[in-house]
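Both of the next two complexes hold chain A, though its partner changes from chain B to chain C.
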Partner chain A sequence: MRRSVFMAGLAATLLLGMGALGVSQKNFVASAQQKSETTEVKIDNFTFGPAGLTVPVGATVTWTNKDDIPHTVVSTDDPKAFKSKVLDTDEKFSFTFSKAGTYPYFCSIHPKMTGKVIVQ
Partner chain B sequence: MAGKVKDEILHDHNHDGVDRRGFLKCMAWAGTGAFCVIQGGVLKSYSLSRLPELGAKEAMGELSFVQISDSHMGFNKPANPDVAGTLKAAVDKINGLSVSPEFMLHTGDISHLSKPEEFDTVDQILKSAAPKDVFYVPGEHDVLNDDGKQFLERYGKGSKGGGWYSFDKKGVHFVGLVNVMNLKAGGLGTLGHDQLEWLEDDVKHLKPSTPIVVFAHIPLWSVYPEWGWGTEDSAQALAYLKKFGSVTVLNGHIHQTMQKVEGNVTFHTAASTAFPQPAPGKADSPGPMKVPAEQLKSVLGITDVNHVQGQHALAVVDSSLA
Partner chain C sequence: MHPFDIKAALLAKHAQHVVLIHFPIALFLIGVLFDVLARGAKRSLFAAAAYCNLAAAAIAALPVLVTGILAWQFALEGKRLKGILLQHLVLGCVSTVMIWVVFWIHARSRRNNGEVLPSYRWPIEALAVAIVALTGHLGGFLSGVNVPT
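Showing the complex of A and B:
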């Protein structure tokens, strides 16, 4: 009898702990989204800037085309992790990275333009 | 015609009617408008300002056609807010040529964003050109979002695979190639295995004396790979054309005239009818180059090509819209 009460107590503690963990994860994601400067990629002068970007899991990256010429943002993985439509001047494309990994990408119109997003 | 003697061949090592001096002279005039013609195996070059002095026989070949390129209909940035106006100016230039071309080649980037209305506008403007037939190859701007489906529906009737095809005019064999599809990250233009196989088969039965004209959007020679100005597998395509005595390669994409001779092959890129791009490596990027409005037409243009039957090479003439 004593033993089962003890078990119930342990389970309650565990549940509480998991709840607390959930909250902290949420905060973590929110803070990543607030740091907008690290999740913006500017397309300018036929280059992705920055060409290499490291973000936490769950981060949304937004690419903005600042060139007078259209560009695209296309994953080089097979199957493609993401693929934008053609972005004319000042148009944007966003993608949320929900899984850790390295995501190389390029502009399918100007394939010399390459970049990568590292999700940790 | 007092200066004519000066333009004649001095050292014709390859017996192809072109010496280094003569070729460089043509090079120097590229962009400002030059006229080079082979007559009786001798290269003669004239500046465009002297064209009116030439007799019809000197200026005329047996086949004459015109190349236009990179009209980028829909582009409206400061480098040229009126690309429809400059395309109309190109048509006026074509209609004013002393020898009316039999047809036109458009070497791609007809549209800026592959929008139906952009293609419609170009079709409408080209209707007023004297030559009625237009042969197209796509630029990367014509195959956005749909892997070229719309382009093929509009312009690709009778073409193979991704839009490549060939045809014959007065003994000259024309080959339209597509090198803007399935581009790989970090790479250049690509022809691909299927197209190369088709090309090998297409030219196999032709006599080596058949003049060949190959046209494609991205240059088939390495103009400036750092900016993607070249085609990964063009060497393979050119290998299939080795047996021919005269091969002329006409490209667009780089929005400036450039010419190079390599053995039996003359490479040539045409000016855009829309906006100029910087010379290789002369800017941070190959983006549109803004020039003072009054100079714009001097850096846009058309290319007129003449073939004289029985002669070695085709005469390629660039003229600006100014």
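Showing the complex of A and C:
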């Protein structure tokens, strides 16, 4: 009897522990997903950093101009998926990618500056 | 953009500023060079060449100033003037004035039946060359020509 009570207690502890582990794991995954939903791209020294980016569908990418020179963020495709105004120093531009695909973009003032967002 | 798309090329947002800017810079530098050669070789043909180049540079500087302001409005959407953009605008205006001052010194001499050019033009021309070069250098950053590799 004492042994079966002990076994039942052990099983319950194990179940609770696994449950807690599952919840924390779920939270971890959720927080990781939340983190990946907003992604920052820095425009610095005439480059987009990171130049290549992979994000999930529904993610929002925010570009921040850290250069002393104005820049833009314009998608290469036609019709243009996104097009920012001219960004002054520390100005930001955000776009939410609602469809999967590859979105190459560039700075329309300095066309040598290019980047790519892959939405999966 | 297709390289032979005339409409897109002519209506580009840079308002041809990045195209026209090369003319006054080249004409002015060559004009000053001919002035130096005219003094060294003491040949009037060089002096005439200097005058013609400086005159052309002065004339070419005016549309460049106008297109520069248009490029700021169209390509940069009239962004707040600060940093390199402000420096480029101020130095561009100073460059235009300097080019016209140098041309005026030469023109006045010619008007007065070939009066000897004053020697005070040398520091003015040297300063003008430095300011024109600095303006072009900053413009290269704005246009992306001076993009770091």
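Following the convention adopted for this analysis, the second predicted complex is superposed on the first by the 83 of 120 C-alpha atoms of A that agree within 3 Å, B and C clash if a C-alpha of one lies under 4 Å from a C-alpha of the other, contacts with A are read in each partner's own complex, and residues count from 1 in each chain.
Just so it is clear, a residue touches a chain if its C-beta (ideal position, glycine included) is under 8 Å from a C-beta of that chain, and two chains touch if they have at least 3 such contacts.
Quantities reported herein were computed from a predicted structural model and do not represent experimental measurements.
Once the two complexes are laid over each other on the shared chain, residue contacts for A:85 go to chain B and to chain C alike.
One of chain B and chain C touches more residues of chain A, and that partner is B. By the document's definition of touching, neither partner reaches A:93: not chain B, not chain C.
After overlaying the two complexes on the shared chain, residue contacts for A:48 are found with neither chain B nor chain C.
Of the two partner chains placed by superposition, only chain B is touched by A:76; chain C is not. Judged by the touch definition given at the top, the superposed model places A:104 against chain B, while chain C stays out of reach. Common to the chain B-facing and chain C-facing surfaces of chain A are residues 45-46, 68-70, 85-86, 88-89, 108-112. Those residues of chain B that touch chain A in the shared complex are 77-79, 112-114, 140-141, 144-145, 183-188, 226-228, 284-288.
The touching residues of chain A, when paired with chain C in their complex, are 45-46, 68-70, 85-86, 88-89, 107-113. Interface residues of chain C facing chain A in the complex, by the touch rule stated above, are 13, 75-77, 79-80, 82-85, 141-144, 147-148.
Here chain A touches chain B in the complex through residues 45-47, 67-70, 72, 76, 85-86, 88-89, 104-106, 108-112, 114, going by the rule given at the top.
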